[in-house]
Amino acid sequence: MNWQLALPEIFLSCSAMAILMYGVFARPERSFVMSSMLAVGALLLTAMLVLSGTPGVGYNGLFTVDAYSHFAKLLILVAVGLGVVMSLDYAEHANMQRFEFPILMLLAAVGMMLMVSATSLMTLYLGLELMSLSIYVLAAFARDERRSAEAGLKYFVLGALASGLLLYGVSLVYGFSGSMSFAEIGRAMADPKTASPGLTVGIVFIVAGLAFKVSAVPFHMWTPDVYEGAPTPVTAFMGTAPKVAAIVLLVRLLSDPFGALLGQWQQLIVLVSIASMALGSLAAIGQRNIKRLMAYSSIGHMGYALIGLAAGTGAGVRGVLIYMLTYVFMNAGTFACIIAMRRQGRNVEGVSDLSGLGRTDPAMALAIAIFMFSMAGIPPFSGFWGKYFIFTAAVQQGMWLLAVIGVLTSVIGAFYYIRIIKVMYFDEPAPAFDPRPASLSFVVGASGLFTTFFFLFPAPVVAAAEAAAKVLFR
Amino acid sequence: MVEFFTTNPFGILILTVVKALLILGPLLVAVAMMTLAERKIMAAIQLRRGPNVVGPFGLLQPFADAIKMLMKETIIPTGANRTLFLMAPMLTFALAMIAWAVIPVNDGWAIADINVGILYLFAVSSLGVYGIIIAGWASNSKYPFLGALRSAAQMVSYEVSMGFVIVTVLLCVGSMNLNAIVKAQETIWFVIPLFPMAVIFFISTLAETNRSPFDLPEGESEIVAGFFVEYSSMSFALFFLGEYANMFLMAAMTTILFLGGWLAPFGIEPFTWIPGPIWFILKICAVMFVFVWVRATFPRYRYDQLMRLGWKVFLPFSLFYLVLVAGVLLAFGWLPTAA
Amino acid sequence: MIAQLAFYAFAAILLVSAGMVVSARNPVHSVLYLVLAFFNAAALFLLAGAEFLAMILVIVYVGAVAVLFLFVVMMLDINFAQLREGFQRYLPIGATIGVILLVELGIVLGGWSLAPQSAGLRAVPIDPNVTNTVQIGRVLYTDYILLFQASGLVLLVAMIGAIVLTLRDRTSSRHQSIAAQLARTPADTMELLDVPSGVGTKGIGFLRPKVKEPAKVAQDNHGHIGHDNHGGHH
């Protein structure tokens, strides 16, 4: 048995445990920064292990390494790394610099890596639970703050419900196909005509459970409250890596074992996608709190990503992967700016707090402007290219309606993104923010550069996404 | 005739009942004599005489006590949950008895020689806590309740390290059959290579049977008599018998796991003349003596000390030793082949 | 014949006690019925020849989990009138959903047929040559080692989470430093003096403790102190 397939996961979980031991025995005042640094180091090494890994199927077909999982894992590791860096400064100010914070992030990363490599419903479920459980705890991490505790509890209760739905679906699929392994399920359903209705019901439940994790309508209700209540770095974390993992998992699940049933799940995904795009763009307009606004924005973005899945082709999957890549960087950059919104040591979250930022802190204002333009999908920023690949894939499949709705909602969404830019540059200046710590500047700078200059060198990314999509659609 | 007892269901039933009586009869007598022995040994340690009035050397004292118990009135407190109140002592007593079904007294001499004998013993001993909790709750009185809570936390805590000790022994044997466990000790008793685990196991059995120095559930100086404050007459006697039978059970477990069960020491000439069951009984008596010795010697633990010992000392240590034993067995190729 | 009788007896008791878990008025009785249900489930395992699972069920669920349930339930002061308050109100909607789900299940099961190859698809066919303990070990630690370890990580996260969200360093609580206590000898703490009779303590004066309280030992995060304030008592 080639156990080395899971070497990155094994290494990451072992280093998480090693850092845990370090944190328990180290001096409390230094342990947080040190363990965060160690966590970043572990993530880097894991990324190298992922890069050097060879494709293959292992552990009795439970676990698969291929170009698709490589792409997703690297993206996840980058997103988690950005999350750890972003939390460095915030934790100190919010009095939550406990060494468990980066460790929970690492363990969540292990869960996500398991998810994207899963080729069995059991691996899928365990990875998902490992990820979710870590995030529940992270959401409640500022335990003395009522909002954070509420966010954690809300997320936990609803998440448990979603897990229940997912498990119910898994058990139905197992019962009707006779296997947990993706390959076997795919074989059992090769002919859609003989596939039993029980399977369709099972797929619906599984999709519902995963839609909760990506916060797609109608399973989005928790998103604004949890985004608002959780500590901002945790919100940033929740908005990036887990979304990637869940979307990637959903794509693999629907196009690999359930690929033959495309007709059954396509309408479902189309509906979810349209509803998410509409709600994401309409509900965000009235938001005054920037974290809530970002919550609705993320719902909308998930809607766009699902268009690529609904297309059900290799081009669509390629679009989804590129979209998630650009999304991670825009989102991480925006949240780094939100974390930097601090006056006299207190974090502020109102959109109005940004007024006049263009005059008080031009660099940050420029960065936010870039991210907002990119999220609105305005060329030449990376967000435009993500949407471009998605929409072309939909159009190729003749899904004009979906593409048109996508463009329309993008236009509506652009309204609130551009309103933020207007507030920053044309409103009366509010008092300046506290100086930005270097860690946040780094995240803002890195993601800003990526978002701005993506159009200059898209070839390697597109090629990687193409290769990854080929795994699912040969 | 022999066929009737081995093939006919009713024959098997009759045979099993007879076997059970053969074990339980002597066990109950042993329990009775144990109460006397305990008082005598403690008296000797404390330079007293102990019971010496009823019968020669006070030998009939237990029977006098039994008659006294039978004559008393069973009191059920108002507000007590009647059914559960009466069920608790019966449960304790019954559990202490059924565990003996798998104990091998000699090679193959067990009522039920099952594959997972040691797990059965562990399961039954972990159930003992129910008798106490139910008694404490059903009495509807504060001291019993406190005693019940203490005992629940204590027994669950020590079961964990007991479990690890058992797993260590299983690693060396490669079977969960009690007969096989004893036979594996033909070359050397496990008490020698696994000495630290034997100590942990013995101390855990003290906690598991609520014996001094872990007798906090009774804690007569703090909570009067803990969970059996409200019990009297036969219900009390059942508790009493159950507790002592449990002690015998734990002594038998220690004997089987570490002291080579019915095997004669060293397996050499003069010792092997004595039949196995006698050795088994002698070993149990030795362990029981240590039980009493400990009671007469050590003061009671404080509750936090008890928890600290269980979770922070025994658990990590037994875990470490388990890994060590596994490593040694693997490194030297001594792992028993799976049956 | 006897095995069948036993099966039906255990199954019947299992179902009845499972029903009682839900319907018993007293929560402690509910937990005790739950224990009974576990027991009968273990007995059914035994009848099916899965003796290892049966024993583990008793050890883990009856011996530990249910004890903790009982522990918690006994200490709670549950008001049942209050718990059942919403029952009437939510009954119609709950019943409707229940009926719909039941009908759906019925429809689904109606269209269900066992595929002919299903027996071959079984994940773990039973090997008659080894005891089921060995077999479970093989499946768990060889075939599904990845999942086993992943579940371990899930539990680790649960543990870290429980500690992170609840542990507080209490400076007010007094900790015991066993090492400091054991390191102390009589010579450190006691002084034998010849007190002349009839004088009392006048000639000696009031003696201060001979040893100071041990300095605060920085042990892990809790800041322990060895608290034994009867040093130097004359």
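Letters A, B and C name the chains as they come in the text, with residue numbers starting at 1 for each one.
Everything that follows uses one rule, which is that contacts are C-beta pairs under 8 Å (C-beta built on N, C-alpha and C of every residue); 3 or more make two chains touch, one makes a residue touch a chain.
All figures in this text were calculated on a predicted structure; none of them were measured in a lab.
Between chain A and chain B, the least number of touching-chain steps is 2. Taking B-C and A-C together, the chain pair joined by more C-beta contacts is A-C.
Chain A and chain B have Cα centroids lying 56 Å from one another. One simple way to say how far apart two chains are is to compare their mean CA positions; for chain B and chain C this gives 23 Å. Computed centre separation for the pair chain A/chain C is 35 angstrom, with centres defined by C-alpha atoms. Of all residues in chain A, only 6, 13, 17, 20, 24-25, 28, 59-60, 62-63, 98, 100, 103-104, 107, 110-111, 114, 122-123, 126-127, 129-130, 133-134, 136-137, 140-141, 143, 152, 172, 175-176, 178-180, 184, 188, 196-198, 201 touch chain C in the complex they form.
Here chain C touches chain A in the complex through residues 104, 107-108, 111-112, 115, 117-118, 121, 123, 143-147, 149-151, 153-154, 156-158, 160-161, 163-165, 220-221, going by the rule given at the top. Those residues of chain C lying in contact with chain B across their complex are 2, 28, 32, 35, 51-52, 55-56, 58-59, 62-64, 67-68, 70-71, 74-75, 130-131, 133-134, 137, 176.
Interface residues of chain B, counted against chain C in their complex, comprise 9, 84, 114-116, 119-120, 122-123, 126-127, 129-130, 133-134, 137, 145, 148-149, 152-153, 155-156, 159, 163, 176, 304-305, 338-339.
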